Amino acid sequence: MSKYKFIRQSAYESNMQLPKLNLVFSTFGNVSVVDRIEKVFAIKPSGLPYEKLSPDNMVICDFEGNVVEGDLRPSSDTKTHAVLYKHWEHIGAVVHTHSKHATAWAQAQRDIPIFGTTHADYLTTDIPCAPPMDDAKIVGNYEYETGFQILDHFKNNNLKYEEVEMVLVGNHAPFTWGKTGEKAVFNSALLEYVAELATLTEQINPKAPRLKDSLINKHWERKHGANSYYGQC
Amino acid sequence: MSKYKFIRQSAYESNMQLPKLNLVFSTFGNVSVVDRIEKVFAIKPSGLPYEKLSPDNMVICDFEGNVVEGDLRPSSDTKTHAVLYKHWEHIGAVVHTHSKHATAWAQAQRDIPIFGTTHADYLTTDIPCAPPMDDAKIVGNYEYETGFQILDHFKNNNLKYEEVEMVLVGNHAPFTWGKTGEKAVFNSALLEYVAELATLTEQINPKAPRLKDSLINKHWERKHGANSYYGQC
Amino acid sequence: MSKYKFIRQSAYESNMQLPKLNLVFSTFGNVSVVDRIEKVFAIKPSGLPYEKLSPDNMVICDFEGNVVEGDLRPSSDTKTHAVLYKHWEHIGAVVHTHSKHATAWAQAQRDIPIFGTTHADYLTTDIPCAPPMDDAKIVGNYEYETGFQILDHFKNNNLKYEEVEMVLVGNHAPFTWGKTGEKAVFNSALLEYVAELATLTEQINPKAPRLKDSLINKHWERKHGANSYYGQC
Amino acid sequence: MSKYKFIRQSAYESNMQLPKLNLVFSTFGNVSVVDRIEKVFAIKPSGLPYEKLSPDNMVICDFEGNVVEGDLRPSSDTKTHAVLYKHWEHIGAVVHTHSKHATAWAQAQRDIPIFGTTHADYLTTDIPCAPPMDDAKIVGNYEYETGFQILDHFKNNNLKYEEVEMVLVGNHAPFTWGKTGEKAVFNSALLEYVAELATLTEQINPKAPRLKDSLINKHWERKHGANSYYGQC
C-alpha cells in the first residue's frame, strides 16, 4: 500500500466534487491535498477527464513540484500548488478552477467588493485580484511564478491567507485553499456564488455601497469569533 | 410522542423544499413553522446540511428565541423568526434564504419595482427593502434587532404583513412568510422569480415604467378579491 | 366517451410540455386546443399543478369562454383564448406562459428586434409587443379585452397572425399560437430562446443592427417559401 | 455494409453530443465528418429531432454538396460544410450550432476579445466574426456563399484555419471545425464557454483589457508548442 493512501483518496474525492458542483468546464480544474509530515501533495493528473480519475492515478509531488510517485504527468498548474504549500504552512489543500463568474472577475481584473452578509460570513475583505505578472516572469518559470504572484499580492496588501482563503489571478482564474480538500472545494463554490451575486448587485445598482464595517465584523464574529454561535459545537 | 410532532414534520418538509427549488447555496437557508397555541416554533438546526435533516432534529423555540426542546443549536437567525412570530399574529411560517436574485436586490439596497402582472398577482406594491441597521443595533442583539428592523420598516411605510408577505433586508437577504410552511416557501420562490424578471426588465429597458394602478388592482382582485376567479373554489 | 376526447388528450399533452421545456414558474401557464367543427376548445383548469393534470380534467369551453363540459374552473385566461379562436379562424391551439425572457421584454414594453437568422427562420418581423390596455378595458371584462388588445395590435400594425404566431402583451407576458398544440408550444419555446438571444445581443453591442431585409427574406424562403429546402418533404 | 460506415457512426455520435452539451435549441445544429479518401462527408439530415438520429440516416454528400447516399435531405447548411471541406484540406469535421452566447456575439457582429487564459489555451487571437454577406450573395447560392464568406474572412485577416478552429458568421451563428468530430464538438463547447466569459467580463469591467502578448504566447506554448507540458504524452 502506498504510504500516500490518505491524500490520494482525499484528492480524488475533492477533484470529483468539481464537476458535481458545476465548477469546471471540460478538464479545467484541479485539487491537491497535502501530507505535511511527508512534505508531499497528491494532485490531479494533467488533462485527464474526471470520469477517468481514481485514487491510484493521483500524482504525488514534492514542494518543488517534482513527481515523487505516479506514472502520469501532474496538472500543469502543479508548481503553483507547490509554492503555496511551501510558503503557507497551515493550508491542507489547494483548488484551481475556471468557474464562470469568478473567472470573469479575474478577466475584468477587479477585486470582488464585499456587498453583503453572504460574503461577510466568510471573509472580512474584498476578494483580492492579483495583477497579471511582469513579462519576465511569464516567459520564465510561469506556474512557479504564479505562486509567488499570489504570495506577493497577499504580502503587499497585508492579507492573511488563514483568513482570506481565495484569490483571483488577473486575466486567469481563481485559486482557493483550506485546511482540508472539502473546505478548499467549498471555498471555490462559495467564491463562485459570491462572484455571481456581486455581478448582479452592480447590474441592479451600479453605485451599490460596500458593507458597513460594523456589519462585516458582526457576521465574521458570529461565525468565526471567540463567541461564535453558528453551526453545531 | 413530542407534542410538537406536527410543526416538526411541517418545518422538516418545508426546509427540504429549499434545495429542491434551487433557493439555497450550501446551508444558507432556513424555514420555521409555528404552533400558535403552544407559542413555539420548529426551526432548522444551525449549519446542518439538508440531507441530514429529519423531523426529529428540528429545534423547538419560544417567542424569545430560547430552545424549548431539541439537542442541536437552532439556526443563527432564530431570534429574527421569534420576533416576527411574536409581533405578527397571523403568520404561520417564516423562510430565510440567500437566493441569488433576491439577495442581489437586497445587496443593491433597492425595492423591487412592480413591473408586471406576475408580481401583481401576489402583491400590489414594490417588494420592500429595509435599510441596513444602525451600528448600535448591529453591535447589540443583532438577529433580534433584524426582526425589529423588518417590523419598523413595515410600520413606517404603511405596509401590511398580511398582504406583503416578503421583505429584503438591505445588504443581507430576503425573508418571506405565510399562513403555512408551504405558502411561505412558495413566496420565497415567487420572490426569486420576480426579482430575476425585474433585473432583466431594467436591462432591456432602463426606463421601464411601473405597472399602472388599474392593472395592479385588477390582477390582485381576480386572484384575491371578494369575487376572485383564479384557482378552484 | 366524450366527443372531445381528441382535444382533451392534445391539450393535456401540450400543457405537460410547458414545465418540461422550462417555460413556466409554478402554475403560470396554460395551453388550449380547439375543435373547429364543434366550436369548442379544451383548456387547463385554473391554478392546478401540472402533476395533477389529466386529459379528463381539461375544461371544454365555447368561443364566448363559457364552460361546456367539465367540473373545474377553466384557466383565468380562458376568455383571451376564446377571443383568439373566434376571430382567427386558422389557429388550432393557443399558449400563454410567463416564461422568463419573453416576460421581461413584455414588462420592458418593447418589440423584440429581429437580430439574427434564428429569429428570421420563423418570422420576418420584430416580435410585436401590444401596449397595456386603457383603464376602461382593464376595469371591465379584462381577459376578454386582452384578446381584443391582441387583435387590434395586429390589425393596426398590418401583422398577419398566420405568419407572426406570437405576441407580447405589455406589462404582462407572451401568448403564442399555431396549427396544433405541438406547434404552439414550440413557438413559446422559440420565443423564449429568441428573447434571451436579443437581450444578450444588446448587452454585447447596444447598437447591434437589425437583420438586413435580404437576409430576412432568404431565411424565411428557405424554410417556408414555395421552394423551401429545410426539413424533410 | 456501406463503405461509409465509419463516418456515419462518427457523425452520428458527434451530433448526439450537441444536445448533451446544451449547445442546441430544437434541431438548430448539425455536425458532419469527412472521409478524405472518398471525398465525401456524412451529415445530419435536415430538421430531424436528435432522438430520431441513427448512423444509418446520416446523409453522405460530396464536396459540391450533392447527395451520394441516403434517403433523407441533408442539413440545409450542407453546402457551407462542403465548401469548407473542399478548400481546407486538413479539417476532419465541421459543426454548426446556434448556441446561446456565441450566437449573441454573432448577432452583435463583434469579434470575441481574448480576455483570459481560458481562451488563450486554445487560440492566440480574438475569435473572428465574419461580416454578413453582400445582398447579391444572399439572394444567390446562399449556403454555398456562406462557406466562401468564411474562407474570405480568414484570408483577408491572415487567419490560419489550423490554428483558429472557429468563426462567428455575422447575424447568424458559429461554425467550428477540427481534426475529428470529437474535437470539432469540443471547440463548439469551448467557444460557447469563452463567449459567456467575455460577456460577463465586459459587464464587470467595460474597459477590461485584452490579454498581454506574453501571456497569450505562454499559454499557447504550454499546451500546443514544441515543448508542451499539458496533458499526457
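By written order: A, B, C and D. Residues from 1 in each chain.
What we mean here is this: contacts are C-beta pairs under 8 Å (C-beta built on N, C-alpha and C of every residue); 3 or more make two chains touch, one makes a residue touch a chain.
Because the structure is predicted, anything quoted here is derived from the model rather than measured.
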Discussion item. Give me the set of chains touching subunit A intersected with the set touching subunit B.
Written reply: none
Worksheet item: How many degrees of rotation carry the C-alpha atoms of subunit A onto those of subunit C, rounded to the nearest 5?
Response: 180
Worksheet entry | Residue-number overlap at the subunit A/subunit D interface, same or different (half cut) | different
Worksheet item: In angstrom, rounded to a whole number, how far apart do the mean CA points of subunit B and subunit D lie?
Response: 47
Worksheet entry | For subunit C paired with subunit D, centre-to-centre distance based on mean C-alpha positions, whole Å | 33
Worksheet item: Residues of subunit C touching 2+ other chains?
Response: 203
Practice prompt. Could you classify the connectivity of these chains, where an edge means two chains touch, as line, ring, star, complete or other?
Written response: ring
Worksheet item: Which residues of subunit B touch subunit C in their complex?
Response: 115-118, 186, 189-190, 193, 196-198, 200-201, 203-205, 208-209, 211-212, 214-215, 218, 222-223, 229-233
Practice prompt. Would you mind writing out the residues of subunit C in touch with subunit B in their complex?
Written response: 25-26, 28, 45-48, 72-73, 76, 98, 100-101, 103-110, 132-133, 135, 138-139, 142, 171-173, 199, 202-203
